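Can you read through this structure? Questions will come right after.
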Amino acid sequence: MIVEMRTGASRKEVDDVVEKAKSVGLNVQLNLGTDKTVVALLGSNTGQIPTDIFAVLPGVESVTRIMKPYKLASREFRPRSTVVDCGGVRIGGNKIIVMAGPCAVESEAQLMEAARAVKKAGASILRGGAFKPRTSPFSFQGLQQQGLELLARARQETGLPVVTEVVNPADVDLVASFADMLQIGSRNMQNYALLTAVGKMHKPVVLKRGFANTITEWLLAADYLLAEGGNHAILCERGIRTFEDSIRFSLDITAIPVLKKNSHLPVIVDPSHAAGHWSLVPAVAKAAVAAGADGLIIEVHPNPKEALVDGLQSLSVSDFSRLMKELSTVAASVGRTM
Amino acid sequence: MIVEMRTGASRKEVDDVVEKAKSVGLNVQLNLGTDKTVVALLGSNTGQIPTDIFAVLPGVESVTRIMKPYKLASREFRPRSTVVDCGGVRIGGNKIIVMAGPCAVESEAQLMEAARAVKKAGASILRGGAFKPRTSPFSFQGLQQQGLELLARARQETGLPVVTEVVNPADVDLVASFADMLQIGSRNMQNYALLTAVGKMHKPVVLKRGFANTITEWLLAADYLLAEGGNHAILCERGIRTFEDSIRFSLDITAIPVLKKNSHLPVIVDPSHAAGHWSLVPAVAKAAVAAGADGLIIEVHPNPKEALVDGLQSLSVSDFSRLMKELSTVAASVGRTM
Amino acid sequence: MIVEMRTGASRKEVDDVVEKAKSVGLNVQLNLGTDKTVVALLGSNTGQIPTDIFAVLPGVESVTRIMKPYKLASREFRPRSTVVDCGGVRIGGNKIIVMAGPCAVESEAQLMEAARAVKKAGASILRGGAFKPRTSPFSFQGLQQQGLELLARARQETGLPVVTEVVNPADVDLVASFADMLQIGSRNMQNYALLTAVGKMHKPVVLKRGFANTITEWLLAADYLLAEGGNHAILCERGIRTFEDSIRFSLDITAIPVLKKNSHLPVIVDPSHAAGHWSLVPAVAKAAVAAGADGLIIEVHPNPKEALVDGLQSLSVSDFSRLMKELSTVAASVGRTM
Amino acid sequence: MIVEMRTGASRKEVDDVVEKAKSVGLNVQLNLGTDKTVVALLGSNTGQIPTDIFAVLPGVESVTRIMKPYKLASREFRPRSTVVDCGGVRIGGNKIIVMAGPCAVESEAQLMEAARAVKKAGASILRGGAFKPRTSPFSFQGLQQQGLELLARARQETGLPVVTEVVNPADVDLVASFADMLQIGSRNMQNYALLTAVGKMHKPVVLKRGFANTITEWLLAADYLLAEGGNHAILCERGIRTFEDSIRFSLDITAIPVLKKNSHLPVIVDPSHAAGHWSLVPAVAKAAVAAGADGLIIEVHPNPKEALVDGLQSLSVSDFSRLMKELSTVAASVGRTM
């Protein structure tokens, strides 16, 4: 349930709404706009509570039920698009943001070379995995803390903010102490313990879509992040599992306009994991920008053939530079900058 | 197996290859280029036949096995991209072709209004269904022959070539006598009797992807068309069936670069059936062009709210006109014209 | 809309209902029971027609709207389970019916050996493909008319009725002149021209589920068959396309109770195509019987390793004989005979 | 790589193999049989290490590469089927084990009533959720520690061992201190931090299949559990996500024989979550037993209509009792007891 306060409603009036909500067992989220406050009333039993008990309170302009199962991530709750700030880089505005770097941090040399190269080509954020969720327990699991330290060093040298994945609630503090933005991977989209732990950090988060989750489930997962009080989630479409076997995952391009219609959160696309082959990445990346994505996250490796993880889907530095130029004309064609 | 003849090989040398192939039970398809002839040798037992028996013949430059299950539709058979001519409109060249019109032909007034409007907005080909494959036997099945006659009248008035679906091998002659291009719908992609009957007409054909067929099966279906001797197939991606339930079908955007890599045939996209809702069509259409599609087939209805079939996914005339302008800037951004 | 007549309603009273229905543009199907007649009123606009205009007619007991999209195949239309007679073999009764034989008819020797063996092991119906829908135009397409003749000869020798697939509306008369039961394959489930042509024959039909069709679409396809006036359709679950890649198709075991709840038609299962490997067939076959299937259709080949089509999924004669014994105990455990 | 020692090989000979393995960077798992020891050598680089360096060691009978991506869960590693002991109940033997109880523990009264009823009807293990992974953060999340205490009380009263889900690595110790068997839910199948934490407990674990994971990925997840040194994993098929929309998930019945062929671990089936409706549960449960499952986990609620979670899929006590009787005849028909 959304309670919209009148322009100029007093803090006392807002507090009265909050108190009333708590008295009937609801949780509350405040969206304090510059001239108007919106109060979200949340709980499993909102359907049984009449809107009138709030509508009659002083300072209340309107009370609306949110019909979608997701609440905080919905456009009904925040009609205006959210812009997330990550170390000074704004995601969700007119400028299309590219995050690039290797799938896994492998060594200082590899990471520094990649970081310098993607910066030169125009990327705004450096990506790189320190904790890698791997299908087999006997595969390389990432450099872990050492990888985080290397990412911090790469940020220091290039000035690029860094985004990296966290896979265990117990590691959230550690990862957050190094990274500018946390990433929740596809396999953890419904790992609610992790979502809650990450949400509590009030840091920017890239929330990848579970490879077999509906858009509704995805926005409900975003609700887990937002329920901890921040508003820093970025949705990342990375392909869904289908019967098609020529590619790793089928990128759901239509998810972009569907999300833009139903949610206020920024939307980015990972063309590398979806396609699974570097030669397909440019076409998918351009499609994503044309369809309205706010950014891209792309795997780039200084030497894809020797990558420890996912080399086949990584662009070389020169292919990435060429793609960045092509993307800027596509971005301009839909009224965006890069 | 592909036998590439030397530049300047004589007709007699080509005939000898053909004769040898037939003597070992193979079928043959000739690709007569301007300076070079390529002979495809086809059969279920090509794996057992040594390439040497052809390699030693005079005039033969090379003999290659096609490892893909599809043969005639593969780029290995025809490295150069095919351009299909439909009533003077060239599909597969630099210019992006838009086919537009109502899902079903409903009346002379409806069709004429749609035809004039899509022409004015820049469409090159008129689409409209006369025979409608419907999930229930008790739904409207199309105006059938009367619909074909109306399409012919609309072509006469506007000069636009027309494309329309055929659903029964017994109707192929009739439909081909009215239409410039035949369409095979998603549910009939593996209706081999229909594919063979349509292939025999040597007319341009839009082959829609079966909503649960792999790209490999799709190119094998194209082989059924091409095996009848023409080279006029156009592949149309229209969305695949997945678990996502906010849209009718999930458009497989990555299929575009995959097809461009593996096949010489033109590729178009139907954003209307995939999205299932008109408001999502523009984003998907722009994505398709950015990803490298050669054309689009879009549902446009003069009065979408009163459409007998699929009104929800049809663009109004004004929305279509606006989209055409937007598409032309996206097309230019990837080096294409419209 | 279903009009149930009173017990003992006169023919004139039924005719009046039919006439009224036609006067408002509806089609009619009669279900003449021994003591009661049910009239189905069908059309795309039944939602706009009030039930009252029928309820007031003499002899009418009740008028009900069928809320399911499918009508004639629904249990609402025929509450009692249908039993289909195929050359004296009753499908849909207490006895579980096994149809067995080779995927494709390859030669007289192969077919006769298979026919004798499956009869000896307890099969009631002989299956064998004469027209084979193949993914590639360059694969073996079946012996066609010669295959039909061999099937007729096998019936003559063994007394087993025969079921075989038809793929082209133009072949329906021919196939029906040889076979006791027609089969519509998975890829043709939504080939409405074929469904209509087959429906007109008023012969038993095995309607395989399209490998990516919902149960609702399947029952709508059955409506196409039943709309031609017969009541001889048998639904065959044969696996659906999913992401799982260790098997060819995922058998939808839950479809059996779902169909039994919503439709009056008999349900059989094809474990061979679903599993794709002979070693998995027995477990799936037993599961199908335990879940309530009325029969099975199983591929058996005298020499699976030399089969021209689908040898990997064919049982040998000895494996089939062993399975038949195991199945009979499972059948007994759920109160069925074999 | 699997090193099979000769019958009667000495401890010293085994240790030498282990030492050699460690010297080339491999991890080791021992399977100490009564008369024979098998050593699994594990690592991401086993492909580069020649088998000869182990084959020449004294006491070694054979060295085999495991070609499957999963290792410890494979039948190649342990040819004999594993039997898991859970509080005296043996899972994976001839007797089919039924675990039953409410989806969520709601109150002492509800749980005790359910526990007594399922025991009386013949269940061997009590199930009940204390920590509930819910799609929305605003839904009931379970009674948590209080729920665990109630489960322990129910065990005390009925003597039934209890199984309950754990969702956070931080809770594993707590849950393990109350429960006889831990459950990893479908959404956490690839939550590797959780798998590792649970594996370390060396307690029986029910590992539910991720609803969009392949069988190979599932067995790799089991490898995460087994890599911590125990051998107590039970695989639970609970339905996969497909396009079919009449049910919640499509139970993959063929997974049972596929798992039995490729893995030594016990296999159970959850018909309740797959079907999503209580009326479909009996047919699916019987199919699972007929197909070779070692057990079932079924939701039973004393008052399904008032359940806080998943009431629609819960059996009433009387329906469950009836089902248990029916299952015992099906079990007998495939040579199993109950």
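As written, the chain order gives the labels A, B, C and D, with residue 1 at the start of each chain.
Methods note: a contact is a pair of C-beta atoms (placed from the backbone, for glycine too) under 8 Å apart; a residue touches a chain by one contact, two chains touch by 3 or more.
This one's a predicted model, so the numbers in the text were calculated from it and none came from an experiment.
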Applying the touch definition from the top, give me the chains sitting in contact with each of chain C and chain D.
A, B
Most remote chain relative to chain B, going by C-alpha centroids?
D
Self-contact between copies chain A and chain B, residue sets same or different by half
same
Quick one: report the Å distance separating chain B from chain C, using the average Cα coordinate of each chain.
33
Where the centres are mean C-alpha positions, what is the separation of chain B from chain D, in Å?
49
I'd like the Å distance between the centres of chain A and chain B, where a centre is the mean of that chain's Cα atoms.
38
Flagged in chain D as touching 2+ other chains are 212, 241-243, 245
Listed in rising order, chain C residues that touch chain A in their complex are 212, 241-243, 245
Under the touch definition given earlier, write down the residues of chain A that touch chain B in their complex.
212, 214-216, 240, 242-247, 250-258, 260-261, 274-275, 279-280, 282-284, 286-292, 326, 329-330, 332-334
Chain B partner, complex, touching residues on chain C are 27, 42-44, 69-71, 133-140, 167-170, 187-188, 190-194, 196, 210-212, 217, 220, 223-224, 227, 241
